[in-house]
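In the two assemblies presented below, subunit A is common to both, partnered first by subunit B and then by subunit C.
Moving on to the complex of A and B:
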C-alpha cells in the first residue's frame, strides 16, 4: 500500500463523492454560462477549504480525544492576526515580514496559547477545558479589540500582502496575465483570477497535507490511545498511557490546524478585524464536525464544506431575489434545520468513523471495511 | 483448632518476594473511613484473594494501590519501587495492571483494536516515529496483532476479533478485559469481581484461564464475592472488613474462621 493511498471508500463515502462531483459540475456550468464569476468561485473554494481546516482541527480535539474546545474562533484569530501583524503594511508592530516566515508566527502564537489553556485544564477531568475555552475566546477577542496600540483594535489590519507576494515569478506577474501556448496568446486572465487561483492551489496543498498528516497519526497507535481516552480516560491510564500528554499533543495539533486556517484567511481576504473572531465561527465549526461525523477526518471536511455551502448558498439564493426572506435569517434557519436533522436522523453524522485505528500497512492484504 | 492457627490475625507481612506491598493505607471520604490502616502484601507467583462484605473497602483499596485515589496516609510499592502518589499510568508501567468492577467498554472500537491498546510504550504512540520510522511501527503493530489474535484464541473468543467491543455479553467482556490486561505483559493483574454477572459455565472457564496464566508466572490479586470461585483459585485469601485487614490465610481455614463468618453476618468482629 503506498503512503499516498487515501484509503478505500465505503458505499456511503462514494455517495457523498458523487454528490460533491455533481455540485462541482453545476458550479462549473454556472461559471461557463457566466452566471458565477470565476474569481468568486475560486474564492468560494478557498473559503470551503478554510472551514475544512477548522473542522479538521476541532475533530482532532473533540473527535479523536473528546476534548471540548469552544475557542475555535480564537485559535483561528491568532493564526490570522499572527501573520497579519507580521506582514501587513498597516501593522502597528512590525509589518513587512515575508508571509512564508509570518506563517510560523501565527502558528507559534496558537501553540503557546494552546499550551497555556491546556496545561491547567487537561489535567482535570471533564468540562474544565470547555469552560475555560469559552472564556478564552472572548478574552482573545476583547484583547485584540482593546489593545489597539498592538493590534489596531476595531479598525482591523489592512495592507496584508498575498501569500505569494514576494515569491520569485509568482510575485512579479503582470496583469492582465497572458497565457501563451506555442508563442500565440491563448487567453488572458485578470489579476483577481490569477491570485484566486494561486490561493486555491495554496489551500489545496495545505488541506491535502493536513489530511494526509492526520490520516497517518489517526490510524496509528497514537490515534488509538486517543480513541480510548475519548471513551474512558481511566481505562487508558490503567493501561499505562500518559493521558495528559496525549491530550495535550492532540490539543496543540488541532489548534495549529485552526491557526493555519487563520493564516490562510488573512492572505485570502487581505484584511482582518476582531469581527473575524466572533463566537459564531466556533458554533459553525462545531456544527460542521458533528454533521460530518465526529471522529472522521473525511466527515470533518464534508461538514466544513457544507457549512460554507449554506453560508454562501443562502446569499446566492436571496441575491437572485427569488425568496421572500433575507440571507441572514435564511442561513440561521437552514443551520437550525440541519441541527434538527442531525439529532433526529443521523446523530452519528453523515460520514461517521468506520475504520479501526490500526496501522494500515500491518493489516496485510486488503483492508476490511 | 489446628485450622484456626493457620489464619493470621490481620495481614501476613514480611513475605519474601512481594510484587505489591501496601503499608498503613488510609482513605477517608468526608467522615467515612473507607480504608483504615490497611496493609497487604501480594507474594510473587500467587493468586491472592481479597474478600469482604459489601462496602468493606475492597475497591477503594484497588483504587489506592493503582493510583486512582491518593491515600491520606500509607505507602505503596510495586516490584520494590515506591509508587506512592504516582499517576495511574506510571504505576501501570511498573507492571501492575488493574480491571474495574464495572467493565469499561471502549465505544467505537473492535475487540482486537481494544486489545492493541494494551502493549506498553509502543513506538507508534509517539507522533514523530510515525513519519520517521514507519517500518518499526508496522513491525510492532503486526506483532501486537498476532499476539492479540493468539490471546483471543487462547480465551476461545478468536471469532470476536473484529466485532465491536460494545456488542459483547458480560462474560465475553470480562474475557476481553483479561486479554487486554495480558497484552500489557503485567507482573501482577488486579481483577475486581471478574465473575460478577458471568454465567457459571463461563466463570469456570475463566477460573481455568487464570490458573493457566498463573502457572506461566502472572501474579493475581482478585476481589470476588463468588466464594466457590475464589476458594478454588486463591491462596492465600485476605479478608477485608471495615477498611482494614481482618485476617489472612489459606482458603479452607479462612472460610471456617469465626471472625470472617461474623464479619459477613454483620456481627461484632471480636
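Moving on to the complex of A and C:
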C-alpha cells in the first residue's frame, strides 16, 4: 500500500461486511423457518455485543497503550458480581437494589480493583505485567470462590432481576405481550422474546456509546500520547509526559468498560458463578482483540462477534454428532490454533486501525467519514 | 512443633515438583527470551504420557521406594514425549515466527490450549490415578518425629534430587553445559564465539521440557491427574522463577524450594491467628511474586547462571 486510501472502504472491509451480512441473513432465514428460536438469536446478539464491549475495553489497554492485561476476567467478574450482589434475591449481602443503581456498584468495584492492580503492576516490564496481572486475577477468583459468606462461593448467585424489572413501563408489561396497531392486535410476543429484545436494545446503546466515546478519546491528544507510549515509552517520558498517569487512566477506563460488560452479562444470563472468572474468559477476549486488529475498535467488535460464533458453532457442530470430539476441547483447540495462526500469518489482525487514526477533517473535501 | 515439621515435609515434596517445573521455564526465559505459558501444559503432557506408558509396563519388575520399576520407565517415556513435542513445537511454531517476545508469549498461550485440547479430547476431564497402591506413612519417621511421610513422598524428593544433580553436572562439567550457560548469558556473544546457538536452543527445549514432564508426573502421583493440573500450577511455577531471578537456573531451584515451602506453610498463618485459609496458598505465592517484581525484579539470585 503505497498511498493510504483513507476515503473509501478497502476491499477487505467490504469483504468483512459482506460476510457478516451473509451470516446475518442466514440466521434470519433460520429464524423465519423455525430452525432457530427468535429469543435465542436475540440472546446470541446480546452475548456478541458483550464480547464486543470486553474487547473494546482490552483494546484501550493493549491496543492504545500496549499494556498486557491478563486480568480481563477479574474486571468482568467484578462488574457481574457487583451488580448481582446488590440486586439478586439470592445475594448474601443485600439484594433488592435497583439494577440502575447497582450498575454503579459494579463499576465502582472494578475501578477500585483497577487502581489496586494497576498501581503496582503498570510500572513493570511488559511480560512481568502479563504474569502479575494473571496472578492477581486468580487471587480475585480464589477470593470469590472461598468467601462464601459474602459471595455465595462456588454455588454462584441466582435470582438476579432483569435490568428493566423495576422500570415504569417496561417493568409492568404483561405476557404474552400483544402489539396493537389501530386497536387491532397485530402480533404477540412471549416474555423471553420481549426481554431478549430489550436486552439487545440496552446493549446496543451501551456499545454505541462506548464506541463513540473511544473513537473520540483515541483521536484526542490523550490518545496520541498513549500511542506514543505504546511505541516508545522513553520517548513519551522525554517529551515530559507522565507516562504512568496516562497508562493508569487507560487501564481504569478499559477496566470500567469490561465491568460494564460484566454488569450486562449478569442481567442477561441472570446467574453468575466463579466459573465466569476462569482465565479462559480473559484469553477469549485476547483472541477477539488480536484477531480483529490490535488498536482498532471496529476490529474489536468483529472479534467479539467471532468469539460467540466459535462458542456456539462448536456447540452446534458437536450437537449434530458429526465430530468425534467434545465441544469444550474443540473450542480450546480452535482458540489455540487461531492464536497461533494470527501471530504467524496476520499479526496486525483482520481490520487493523487505519482511518481511525486520522481526523475526519484532515481527509479533505469536508467529508465527514 | 511436630506440626511445623509436617508442613516442612509436605513442603519438601511440593518444592521438588515446583523446582522441576521452574528449571525449564527459567531456561526458556533466558535462552529463548519469552515467558512460556505453555510450560504448565507441557507438564500435563508428560504426566499423561507416563500414564499411558505405565498402562503398558505396569507392574514390571520389583519395587523401589514403593514404586514399581515400570513406573520409572513410564516416567522416562513421559519425559521423552514432552521433549519431542516441545522440540516439534519449537520447529513448527516458534521458530518461523517473526515477532518479539510479546508475540511469542501470546503464541505460547495458543500452544498451551492446543496441548490441553488434545489431552482433553483423548482422555476426558475426569480425574485419573496411576494404578499404584498407596501405602501408609513410614513407621520410623512417624514414631520418632511424629511426621507422616509416605514412601511415595520420599521417592518424589529423591528422584527430583537426582534429576537436579544431573542437570547441575551437565551445566558445570560438560562442554554442552558451558555452551548453554554462555548462550543464556549473552546469545550474540555466544554466536560470534562459534557456538551453534540453534542447537543449544534445541537442547534447552529438550532439557526444560523433560524436567517439566517429570514435575508433571510427580504432581499427578502426589495428587491426581486431569488436563488442568499443569495450567493450574503454572502461576506458582512462575512465582518461583521470578523469586529466584528470571533466567537463572540455580535461582529457579532456590525459588522453587522457597515457593513450594511457603505454599505448604500457609496453614501456619491460621495457626498464628491470621484467618487465611488453605485455599489461599496459591494466592500467597502470587502476592509474593508481585512483591518481588516490584522490589527486586532480578530476584534473589539474579546474576547466577
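Simple rule for what comes next: the second predicted complex is superposed on the first by the 333 of 369 C-alpha atoms of A that agree within 3 Å, B and C clash if a C-alpha of one lies under 4 Å from a C-alpha of the other, contacts with A are read in each partner's own complex, and residues count from 1 in each chain.
Everything that follows uses one rule, which is that a residue touches a chain if its C-beta (ideal position, glycine included) is under 8 Å from a C-beta of that chain, and two chains touch if they have at least 3 such contacts.
Predicted, not measured: the structure shown is a model, and the values here were computed from it.
**Q** Contact-wise, after the overlay, does A:326 reach subunit B, subunit C, both or neither (first, second, both, neither)?
**A** After superposition on chain A, A:326 lies in contact with subunit C alone.
**Q** Pick one for A:283: touches subunit B only (first), subunit C only (second), both, or neither.
**A** So A:283 only meets subunit C here.
**Q** Does subunit B (first) or subunit C (second) touch A:239, or do both, or does neither?
**A** First partner only, subunit B.
**Q** Looking at A:68 after the superposition, I want to know if it touches subunit B, subunit C, both of them or none. Which is it: first, second, both, neither?
**A** Second partner only, subunit C.
**Q** In the superposed arrangement, does A:127 touch subunit B (first), subunit C (second), both or neither?
**A** Touch status of A:127: second partner only.
**Q** Is A:340 touching the first partner subunit B, the second partner subunit C, both, or neither of them?
**A** The answer is second: A:340 touches subunit C but not subunit B.
**Q** Of the residues on subunit A, which ones does subunit B touch that subunit C also touches?
**A** No residue of subunit A touches both subunit B and subunit C.
**Q** Inside the complex, what are the residues of subunit A that reach subunit C?
**A** Subunit A reaches subunit C through residues 68, 120-121, 123-128, 130-132, 134-136, 138-139, 142-143, 145-146, 279, 283, 286, 290, 325-326, 328-333, 335-340, 343-344, 347.
**Q** Quick check: in the complex, which residue numbers of subunit C touch subunit A?
**A** Touching subunit A from subunit C are residues 34-35, 93, 96-97, 99, 101-103, 105-107, 109-114, 116-118, 120-121, 124-125, 231, 235, 238-239, 242, 277, 279-280, 282-283, 286-287, 289-290, 293-294, 297.
**Q** Flag every residue of subunit B that touches subunit A in the complex, lowest number first.
**A** Touch residues, subunit B against subunit A: 66-68, 87-89, 92-93, 97-100, 104-110, 112-114, 116-118, 120-127, 130-131, 134, 137-142, 145, 162, 180, 184.
**Q** Within the complex, which stretch of subunit A touches subunit B?
**A** Touch list, subunit A to subunit B: 3, 216-217, 220-222, 224-225, 227-228, 231-232, 234-243, 246, 249, 253, 295, 353, 356-359, 361-364, 368.
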